[in-house]
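In what follows, a single structure is set out as structure tokens and then discussed.
Chain lettering (A, B, C and D) follows the sequence in which the chains are written, and residue indices restart at 1 in each chain.
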């Protein structure tokens, strides 16, 4: 596949061309009925090799706690409601049976919750990945490209491109826009090469920025992400999934008409590339730095939501 | 640890003694502040060995779809609500940005949803695992023994004891009560030995029974589970987690006063043994039978619910 | 307006003709932009007269408790979740401030919850009242004919047609289908005449049937309602709102192709007649019988849900 | 009943004494089992007289739209989720049946939603109205003093004390604290006298302040309310219910240790006086000013939530 050039200050026409190239390359690539997109790059063989990456047996969660109080990063947080606490542990009226129960609910998307974007999350001009119409996503659930394509889990080689570490530990700016050249430089610096079937996790230091800001960040002040010139890189390297400690797209972005979030728009809808937003990568980055190794076994079991556009998630890295 | 005898028709006094033995053995075993219980049996070394079990790179989900329509097995199902479907994909009013969004919520426990029981889910006489009082589980969330003890995931050796396969493929009765002797016989027949740190999954053929019943089962007609004489077995083998295609405890059970669900009561609160209820084990069982191998890499990333008593889950077996 | 005949066993063609007549009569009647339908019949003058009906100052709720446990009448009940109970009354961490808080949520429609059907609840061949397209009801909320048309309340003359009282207190059958002739006979027997702007409440004795059945009814066994030949009666009498202790339409109904619930379909979408389903009319009926008077001040303040298709409700009768 | 003095800058001891006087006066006043508190002041006779206040037949909603987007006034807004919109109107698979359905849920309390505070909402030193213990409010619902005490509605004489109108239309400051003397002056200016059984609505001009602020207010900048010296006034006048366009208590308040919200604490828990918070009084005030009359028929049908601490509400004034 040949990808068109994307300049430093991309024009709408350039991204239109990139959209054409990406959708042209991947729509139909795995069959007219395919709804797995770049997950097709991740095969049993890749998983087998990924399992062999475990050397310590250590596990690290890549998710944040499910927030239940509104914050600028998560203005509509999750609901965690006790249905029976210790004070009502006998409320089933069964002698000796004492239990607590609860309810949890959440909006799936946004800038705060660690979640997966299924391929039906994004449309470009009314179409989803593989040419499915927006009308497939109905008010009572999506009919195609749903989170159920992940139902048997996402297990494979995780690669961490920690841009802070690659940058000599200098923190990225709040609204940094990371280019393809910087990703490639990070590969060299960190000693890892992104390849077919990888689950690529890009760390911009958001957690460190939040900690430095006293525990709260405001996305209105910017969120680091990748430049649209990285989209051809994701396509050429044939990654299976893209995750980030942000939402992959920078905020406020580059101001390109009709392409506010190119990675979401062209990546998800064009390439069929699922995203994982708002990963917690700080602990993983520390461990990878200590070990001098930026690859690991990535495991994720998504909730089986029929008709869902994504799900809250807690991916686990096994090192 | 020496466990008291549990007879075929157990008395309340026998289970009182079993409770005393189990809580006596494990409360304080890993420190007065411990809230991980038998997860302490699962070490980095076990995980490292478990990763080496992957031979094909195949993944199999061990969860059911999150039900959204009431059934006898799941009378209070999950909620999956679209917030913006294809018809409202432009409702953020950002030119070119077209997205769908949804909400998912669910009660955590019950007889239908595949979920984890954290150690604060059960009490015996007002106490949880490690002697924590029921008052730690407050109406605004639990203060100890929560699902957050699983936050870095449950990854280790999964062992499937498929009682149907062990039984010559003869289906178990709806309300079958499986004894320790039967578990031990299954180990021999299937060629696997349950040991320290294992995530033990017991298949009673519930999925096959449901399919045979036309797609719906009624728990009021019984649900297969294990006899309380298996509790000493779980303790002696030092398993880390117990899962089942039912809820481990049989229904309606053995009619022992004050001990309706002994595995929940004595297992969770006494031993500190987390449960995973309502696993979908049918596909895994078929694969294990084909491969003649009943061990695998088990991976689970639980939702990070602060104060939670459990969570809906999709554990992934990697074979 | 002249309404076509509806025979005892109506044909699809007869109901097609009734649909044409009703939508022909009321679409456009109050302007092309109207979304209040028959609420236009209820004027300040009617309200003023209705207020004068109060003679005792007694109030009676016309709603059922919001069910939170699944039943055959309400398989998807409401959610009532405490957020902070007495045990956590101090969880705002403000000295001396001790409070409890809760959450309530519910599906709006169905066979159990007392609720209002706004005019966007029903469509016939893709159209709502006043010719609005189904596409006005979007996945992020309805754009026309919403519950907000009731925002200033429904206050007016309530008339109770208690068919059990009119019938010499003989209970109606579970699946009784009440005809126009029976409504008119009830008017004569009870000494009340239904007229312009009335909120008509039709009691079929459902609460008494439930009580006689031990507290639970199964709608699959039938639910009493009115024959489609009552629709011309509702139109000619110019009622403003129709309520019932059932859902106005009988179940399983008359088996007419494409017209399973004619009152919902032709009444709501054709006439623009809002419904109130599942009223609790037993206590009101007893009081009306004692007083020998079947009219009262009806008051209802609907929740102000922008984009809503209805709302749970507790109408209050003042006598 | 004799009420102690409350000075302009009240001390903790003064409010302790006021608490003693209020709870001393009203606990037990209507029986040891009473859970209606000052609703007992509102009798059939009062309602009968209130119905006679209707002179125009006009209705005015006293509620705000249920907010669904987070704002400083309502950081945890309601949820309004479509379950089936126009695009899925056929999803019941019944020929000809085309319907939309939705779900609505909300936290009950807070600074934004128009809602009722039931008597179990507040505690003082672990006790509720009439000496009920906080432990009656359990994690699976309250056992006493619940919103069900309002189940047959709140219908009676509404009196509007519009402090802006009484003040020569000069707007109150954001954090104004209104004294008893000002309430009594408003009575004289507006020509209305608050008396037994009244539903007293106090307007501080919050809606006008919000409009002047461009549509949004921030309660952190203050919210007008009444001085605790009004509590004896509420007791002596024997009002049944107190409503306000704020939350009755001013914010940030007077800084009295342990008594941050005296009207909530002493009014609800001591007197048994239910509150209605966040009323929309702007339209009512305009109408009352035009008519030169500040009394009306107040009607409210609360949701029948068993075990509830309050409910979202839309009270309707009939003039």
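In the analysis below, contacts are C-beta pairs under 8 Å (C-beta built on N, C-alpha and C of every residue); 3 or more make two chains touch, one makes a residue touch a chain.
Just so it is clear, the structure is predicted and the values come from calculations on it, not from any experiment.
Engineer: When every step has to jump to a touching chain, what is the lowest number of steps that links chain A to chain C?
Structural biologist: 1
Engineer: Indicate whether more than half of the residue numbers at the chain A-chain B interface occur in both copies; give same if so and different if not.
Structural biologist: Since more than half of the residue numbers are used by both chains, the interface counts as same.
Engineer: Which option, C-D, B-D or A-B, should count as the same interface as A-C once over half of the contact pairs match?
Structural biologist: Matching pair: B-D.
Engineer: Working from the CA atoms, figure out how many degrees chain B turns to land on chain D, in steps of 5.
Structural biologist: Result for this pair is 180 degrees.
Engineer: Centre to centre, by mean C-alpha position, how many angstrom separate chain B and chain D?
Structural biologist: Each chain reduced to its C-alpha mean, chain B and chain D end up 47 Å apart.
Engineer: Compute the distance, rounded to whole Å, between the mean C-alpha positions of chain A and chain B.
Structural biologist: Those two chain centres are 28 Å apart.
Engineer: I'd like to verify one number: the distance from the centre of chain A to the centre of chain D, where each centre is the average of its C-alpha atoms, in whole angstrom.
Structural biologist: Going by mean C-alpha positions, chain A sits 45 Å from chain D.
Engineer: Mark out which residues of chain C touch at least two other chains, giving numbers and ranges.
Structural biologist: Where chain C meets two or more other chains at a single residue, that happens at 79, 82-83, 85-87, 103, 135, 138-140.
Engineer: If every chain is a node and every touching pair an edge, decide which shape results: line, ring, star, complete or other.
Structural biologist: Contact map by chain: complete.
Engineer: Residue numbers of chain B touching chain C in their complex, please.
Structural biologist: Per the stated touch rule, the residues are 70, 75-76, 82-88, 91, 135, 138-140.
Engineer: Help me check something: in the complex, which residues belonging to chain A touch chain C?
Structural biologist: 79, 81-83, 85-87, 103, 138-139
Engineer: With touch defined as at the start, can you tell me which chain A residues reach chain B in the complex?
Structural biologist: Spelled out, the residues of chain A in touch with chain B are 43-49, 51-52, 54-61, 63-66, 68, 78-80, 82-83, 85-87, 89, 94-109, 120-126, 133-142, 148, 151-153, 155, 257-261, 264-265, 297, 299-316, 318.
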